[in-house]
Every structure is written in structure tokens, then in C-alpha cells.
């Protein structure tokens, strides 16, 4: 084997081709659910377009798998537009995706709030409008680590994206119209908050170098999902102490009513094993209940990741009966499946 | 936060309590499926024992999550007995699990072939027999990296364990008797082979140190799932070259008939992200088809892991109509779910 | 100046972002996501290729093609920003075959306006605007003062470079770096850095031929 | 010797595996899964606790309790192996209140037989048997030769230590280390190492009191 081809701890052929090759594998594994449009670099639900159904597309940089390609399928996304690793896709991808899935009832663009994603989706939405497709855009910005202000890029979109895609996907599958589906995503975004921490950086394949250097025994608090450093660095405490910080950050911003029913989503960043994610969930569950909040639904696993970063994020979504019903509705994608 | 409490890249409170705390979280997240018997340190299916149903239990060291606790539920395991990290459980756990799930139709012990697991399960089975419970034991040994010989501990049990639990669980759920369920596991084990590689070691919480040191640009070929070194070390080649080695190792030993239908299982070791696992699956799918073997089912994800080890394993199971039917049958566990 | 000036400008950008690729990646790793060098190289490589395939389009048209190419290959924040910038700049020239220094200044001014419109960043937000705006202001002023183009462009490039360095002490208010809050202080903005390269490339392209 | 000898033996094991814990972990990390030190400490800590709670059981019974405790707390390969060993050894003594050197040799012989029966390892397979078997053989022979117990036990411990070191050049044929094939050569077996500690602990326990 050629020693010079691969100096990272990664399974790679050509670093520049990693996204395309991974999408090829996704399509090979899940040909019953989706197809890979190689020319446009998009993942499209197999039975798209569905006449009369509102379609949902999302997209963003790659490196967050299973987001978004792993969420294409029944009851969730109709298409995903994956960019290069940590680089938002180009408008042509979103335009192609929009055209591929439009069944006449309109297309919703679910956009995580990053300047690149927002701008590229904006150009795509303009192009789609020019072609006569009804497009609405919802920007997800649930990360409480970032201050929201008129003078900043605003909060990042992180864990709530997964929940919004699932819940709005169920609404669309159930026949809701464009306004209703759009509104559902906005409701999820309004009632969800997230906070992430990292115990390591990650190594983008293109550069082959860690984005930042984090010594053992230190934790980055308030990280996003692009391997970027967080708001501050601190000595790594016990899991209980770290979860205290996460829960406090999320709850103090979300301010759920006492007795609220919530969905608690403990997300792994890619390099943290399930053993630890469940340990974290145990802490989260206990601390939320102590705070008078009842986690009636949960999701534990690595669903919105930063390559192989060690870390985790907590997303709390305040539920109502309608959101619970939509969450429980059948979903069949590569990464989330139930009821079918 | 206290800097001295945690010097690893892990979410931990007390390293000695990591398994118990993780199981507590698992139970908190999946109370609809399972319960955690703290005293016996076992995970038991919520509605156990089921009268007249053959019960399946498995167990082994922890650190391989979601194996086995994440596979307790409808159509899979009735109970799991998790030991300390990488240490097989003690017979008392398996005995308690056996008693908790026996519905009168007998209990199958699914044991991965490690001396510790085999011996501890053996003592438990003897105790269970003393208490009048019908127990059969099947030892899984699918790892072709290890030579099978009368003069060794024999091949290790790895990826086939997941497939056997799913398939035999479906048989049991469908009413098969003890002999039939036992035989189903044996058939899966006989027709499945695995091979694993590692790009890093992992760090057991108790010692806080990597089990072995693997420089970047090197790969361990033929690793198991306990962070142990493999059969040999080589320069890390391209993903295509690595998959060539994996496919060749598995296929030359399994010797499936030309035109065989197989299930291809690409498993992550815990620290390798889905982006890469799908890239690997793309290679595997292509190479198997070139070899005249048709992957009609697949599983891609981190299902039998070694803590945060970077690496992957390939398991190929030669299918027949009966195995396909059982694979497709409904399953509802924390980690695998479909059809329900 | 004519179509060849634009082609030469794009080639100069291509070679300088390529040479500075790792540096741009490093700057972006510190306060962003470490892809800025890769993004710029991917984009301008595609631009050079697209312009190479063109035969005979006027300079304004070449800028529009370049802008479209950036939009369709870069992604990230810099793709739409520079893409819209070059498209807006190109529109200023219409179908003209040649253009002079004053017109070049108007091209850049339109490009800057487009960046600010799309990205809503102002001077001091620690973005590419911090290098771009002083360059445009300087070029316009020097040309209005009647300075020779070569010198005016050199001063514009210097202004961009000064603006680039001036991003170091700033706290970012736009783009990814803004997520870092105070931790963004002390780092040079990658987009301002590539913008300085782009203006310097223009100076080289416009002076080497005349 | 009597029940106090057994209790003292177990305490001696507890303190020596605790002192050598990291070393045992290191040896097991090289050719196994790095838990042998942790396993032994967990087991013998529990044994000491269990025997501390006992009042007045005869020595054979104490060994059986110790064996059961190991089985129910250690897991891994070493738990059932040492657990069965001590249980089988304990059964040899029945309800006797005291025992002599020859009987101690029979206790160890029964323990070894149990290990070999359960684990199916032979001398030279690079396991605990490689330290245990020479120790048992030496003890039996020296006692049959009429040597004083203290000396016989010292020689048995030396034999165990020699057997432990002799595992270094061997290729493992049992246990986890066998997965490594030839790569297991050159490393000392962790189980043989803890076995040497256990025999040395016995020598200390049996001689300190007499």
C-alpha cells in the first residue's frame, strides 16, 4: 500500500473526492429510499417529485453526516444538497434539488444560519422563483452559545435542524400546505435551543490538519459543528458538571414553562461513543426533571456531527401535542426510522 | 470545574461507574423498551418474560455500544448482561438475565468467542440448568483475522453477533422453538465472516491510556473489538486498498457461491464518522459485485464498537430466503428499528 | 485595458491564492472553519478554466462569467460574495471593448457595493470589506486626483493590505468568526487577506501589460 | 496452618496486585485488552471484604468463599479461572480446621487441575498455567523430599517467577494474546505474572505466622 496517499486517520481515496464517494456509498446502501444525482451533487428522495406534496430540501457543508443526506426519505426531506466538507453548497445544487422535488405545492428551504448557507440558498431561491417555483425559506438558529444581535451573523443553526426536518417532514407527508409546513419549522426553531461542547477538534480531509489544538483535560464550551473553537476554553470537569453547563445554557435561554414537556436530544459530534452519550443522557434527563421539565421524547446518537470531533451537544425542544404527534409520525430515512 | 477529575477526552464522572451510569441513561431514554436491573447490572426487555417465547440473551464486556443493551427489544434480545469495559460479565449477571426472561420455552445464550465470555457464560449456564431452565449456548466466531485451530482460543466473535441477534430474535418472535432458534444462530455464524482494521487505538476509562500506540499513516489490520492490536501493522493506503484487503480476507474464507446474495455490514469502531463509513460501503458494494456477489441487504453504522477507536470492520453474511425474511422482520430496539 | 487585462487579473489571482492557500487555511482555522484557502483556489481555478474556454467576450462579460463561475463552484460565504461582486462589476462595463482607470474604479465600487449589500457588513466588522473598501476609496481618489493608473493601483493594493492588517485587533461581527466573540480578536481575517491578494493581483495584471 | 493463613494469603494477594496493578495493565495492554490489573484488584478487594465479614469458617470454606467472590466480581478470563481454582482447592480441605504442607500442595494441585480443565491450556501456551504448574510441581516435590515448608514455598514461588519470565519468548495459544499470533512473542503474559504474585503471597502468608 502506498504510504504517501493517506497520512490522516481516515479512510480516503482522494481528499477532494471524499464527499462524492461518500454520497455514492449512501446511494448504494439506500437505493430503496434515495438516488444520488451525481452531476448536481444532490441526494433526492426516490419517489420525487410527489404531486401535491410540499417538498422539503436542506443542505449545507458536508462533514455533519447523517445530516442531511441521511434524512432524505419518507416523512422527512425530499432532497439534500451537500457541499464540500464544512463549505456550504453552491446555489446550482439547491436549484437542481428544488426543481427535482417540486410537486407543484411548493418547496421549503431549511437553512442553517451560516453566512455561506444563507447567501447560497438566497441565490438559489431567487433562481427558483425565476423559474416559477414557490419557495419559502426558514433559517434555523438555535445555538445559544452565540449571541443573537442585529450586529452579528446571529445564532448558528445546529441540533434543531434535525428536529425541524423530522417534524416538518411529517407535516408535509400528512398533507399540510406550504404555509403550514413553513410555519411548523418556524415553531420548532422558536421553541428549540442548543449548546455544544468539544473534547477535541476534527481534521478536515482537504487540509489534513486539526482546526484547533485542544490539550487533554480541556474542553471547548459553545462550539458549533464545523470544528471551530468555542466561546471559551475551560478545564474539563466531570460529565455532571459539563451537563450542568449545557442544561443551564439551554434552559436559561429557552425558558420553558414549569412542567413543560420537552424533547431532549443528546447529539454526538462524531468521535464520542454511544457509551458516553447515554451517560450524558442520564444526566440530562435527571437534571431536566429536577428543573421541573419533563423529557417525554428523546433522541440520543450522532445525528449532526463534525467529522470525528469528540464532543456532544444538547438540544431541548419544548413540545405541544401537535409537535409530539408529528415527531411520532412514521419516518423512513437512512438515519431515522420508525413506524414503518 | 475541577481539573483533576477528568484528564481523558471523555464525558465521565467516576471511571469505575461509567458502565452503570451509561446503562442508567439508556434506560432513561428507552423506558418504553427496556428496564435496567441495577442490582444485577442487566438490561431486560420491558415485557419480559414472554410466556412461550424462546428468549435470547447476550452479554460481554462494555465499550461496544450499542451492543448489546441497544439491541434489547422486540424482535431481538430479551436481555443483555454488560460487563465492565472490555471485561466479560460475571456469571451472576447472565443467571439473573436468564431467570428474568425465561418464559418456559428456553433461553439461548449468544456468546462471543472470548475466553472470558465463554467461561463466564458456561458457569452461568450450569447454574441455570441447576435451576431447571433450558439453556442452549451458541458461540459466535466470525473473525477471519484469527486462525481457527484446536490449539488456539479460536476465532473471535465480532460483527456476526449483531446479525445473529437480529435474525434469531426475529425467529424467536415468530414462534420458533429453542432448537430452531439455536440452529438459526448457528447458521448465521456459519455463513458470516468479518475482518476489522483500526486507524487508532482507544482509551479504556479505567486506565486512561491508549491500549496501543499507532502513528498516523499506519493501520492495524485484523483487529478485534477490544482496542487490542491487530495481526499486523502496515502503512495506511487508500480506502480502496484497505477495502480490497477486507473484502479479500472475508470472501476468501467465506467462499460464497458465485451469484450469492449477501448482507454487507460496514461497521464503525466508534471514532470513524459516517462520512467515511458510507465511502467504505461504496467501495465494498462495488468490489463485491465485481466478484459476482450481490449485496441485497446492508447495514452501515457503528453497531459493535471499541469505545472511540477509529476503524471499521466488514461482515459479509451469505443469505437465503429464510434469512432475508428474518432480517426484514420488524425490530424495535434502541439501536435498530424497522417495520414497527 | 481590455479583456486581456481581466483574464490576466484572474490568472494572477489564481496563482496568488494557490501560493497562499495554506496561509489562508490557517487563518480561517483560527477563527473560522479552515476552508477559505481551499475555497478560493477551487473557485479561481474554475474561473481561469472558464475564461480559457471563452473566445472573444468583452471584459465586462468576462467578469460576469467569472462571477457566475465563483457562485457555482465556491460555496461558503466567499463564493456568493465574490461571485456577486464580479457580476456587478462586470455589468458596469456593458459591452465595452476597452476601459480606463476611472471605469475600473467604478467596476470595483460596484463590486464592493454588491458585497456590502449581500453580506450587510460594514467597515470594521472584520470581513473582506475591511480590505476592499479602503482599496476602492483609494483607487477612486487617486484617479480623480489624476494619478497614473499604475501608481493608483499600487496605492489601492497597499490600502487593501493595510486594511487587512487592521482586521487583527478587531472583534468579528459578521461571518463565522463572529461566533467566537472576543476570541476573534488578535487574528487576521482570512477574507480580508484574500481580498488584499486580489487587489494586488489586479495591480500586477493592469501594469504588466501597459 | 489454618483459616488465618488463608485470610492472610488473600490479603497479601490483594496488596501485591494493587501494588502491581499498573504493571499488569501494561502487560495486558501489550497483548490483551489492558484490564488484567483492574480485574485482579477488583476481585481480591472483594475477596478480602468477603473474608472480613466471615466469622469462624474453616480454611477450605474460606477458599470456596474466595473463589465464589472472584467468579462473581472479576469477569474476564481470570475470574472464572481463579474462581474455580480456589473453589476446587477449598474442597480438598473439607471441614478441616488446620492443614499441613502436603495438604497445601494438594490444594494447589486441585486448583491447577481446575484451571487446566476449564481453560484447556497446557504448559507453554503462554498463560497463567506456565507459572502455576511449575509452582505446584516444585511444592509437591520439595514437600515429598521432606523440605521445610517455608523453603519449599519459596522455591515454588521462584518456580512460578521463572515460569512467568519463560512466557516472554512464547507465542500465545490461549486467551486474547493468541489473536496476535506471532506478535505475542516477546511479551510477558499478564496472567502468569499475577500468578507468580499469588504464589509469592502464599509464601509470605504461610511463613510470616509460623
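Per-chain residue numbering starts at 1, and chain names A, B, C and D are given in the order in which the chains are listed.
Rule of thumb we're sticking to: a residue touches a chain if its C-beta (ideal position, glycine included) is under 8 Å from a C-beta of that chain, and two chains touch if they have at least 3 such contacts.
The structure displayed is predicted, hence computed values, not measured ones.
In this assembly, the C-alpha centroid of subunit A lies 32 Å from the C-alpha centroid of subunit C.
Centre to centre, using the average C-alpha position, subunit A and subunit D are separated by 54 Å. Counting partners per residue, subunit A has 85 as the residues that reach two or more other chains. For subunit D, the set of residues that touch two or more other chains is empty.
Chain contact topology: the protein chains form an open path, each linked only to its neighbours in the line.
Contacts between chains, counted with the stated touch criterion, involve the pairs A-B, A-C, B-D. By the touch rule above, subunit A contacts subunit C in their complex via residues 61, 83-92, 114-116, 119-120, 122-123, 145-147, 151-153, 156, 204, 206-207, 209, 211-212, 224, 226-229, 231-232. The residues of subunit B lying in touch with subunit A in their complex are 1-3, 5-13, 18-19, 21-26, 28-29, 62-63, 65-66, 70, 85, 199-200, 216-217, 234-242, 270-283, 285-286, 298, 300, 302, 305, 307-308, 310, 312, 334-335, 337-340. Those residues of subunit C that touch subunit A in the complex are listed here as 22, 25, 29-35, 37-39, 42, 71-81, 84, 118-119, 173-176, 178-181, 183.
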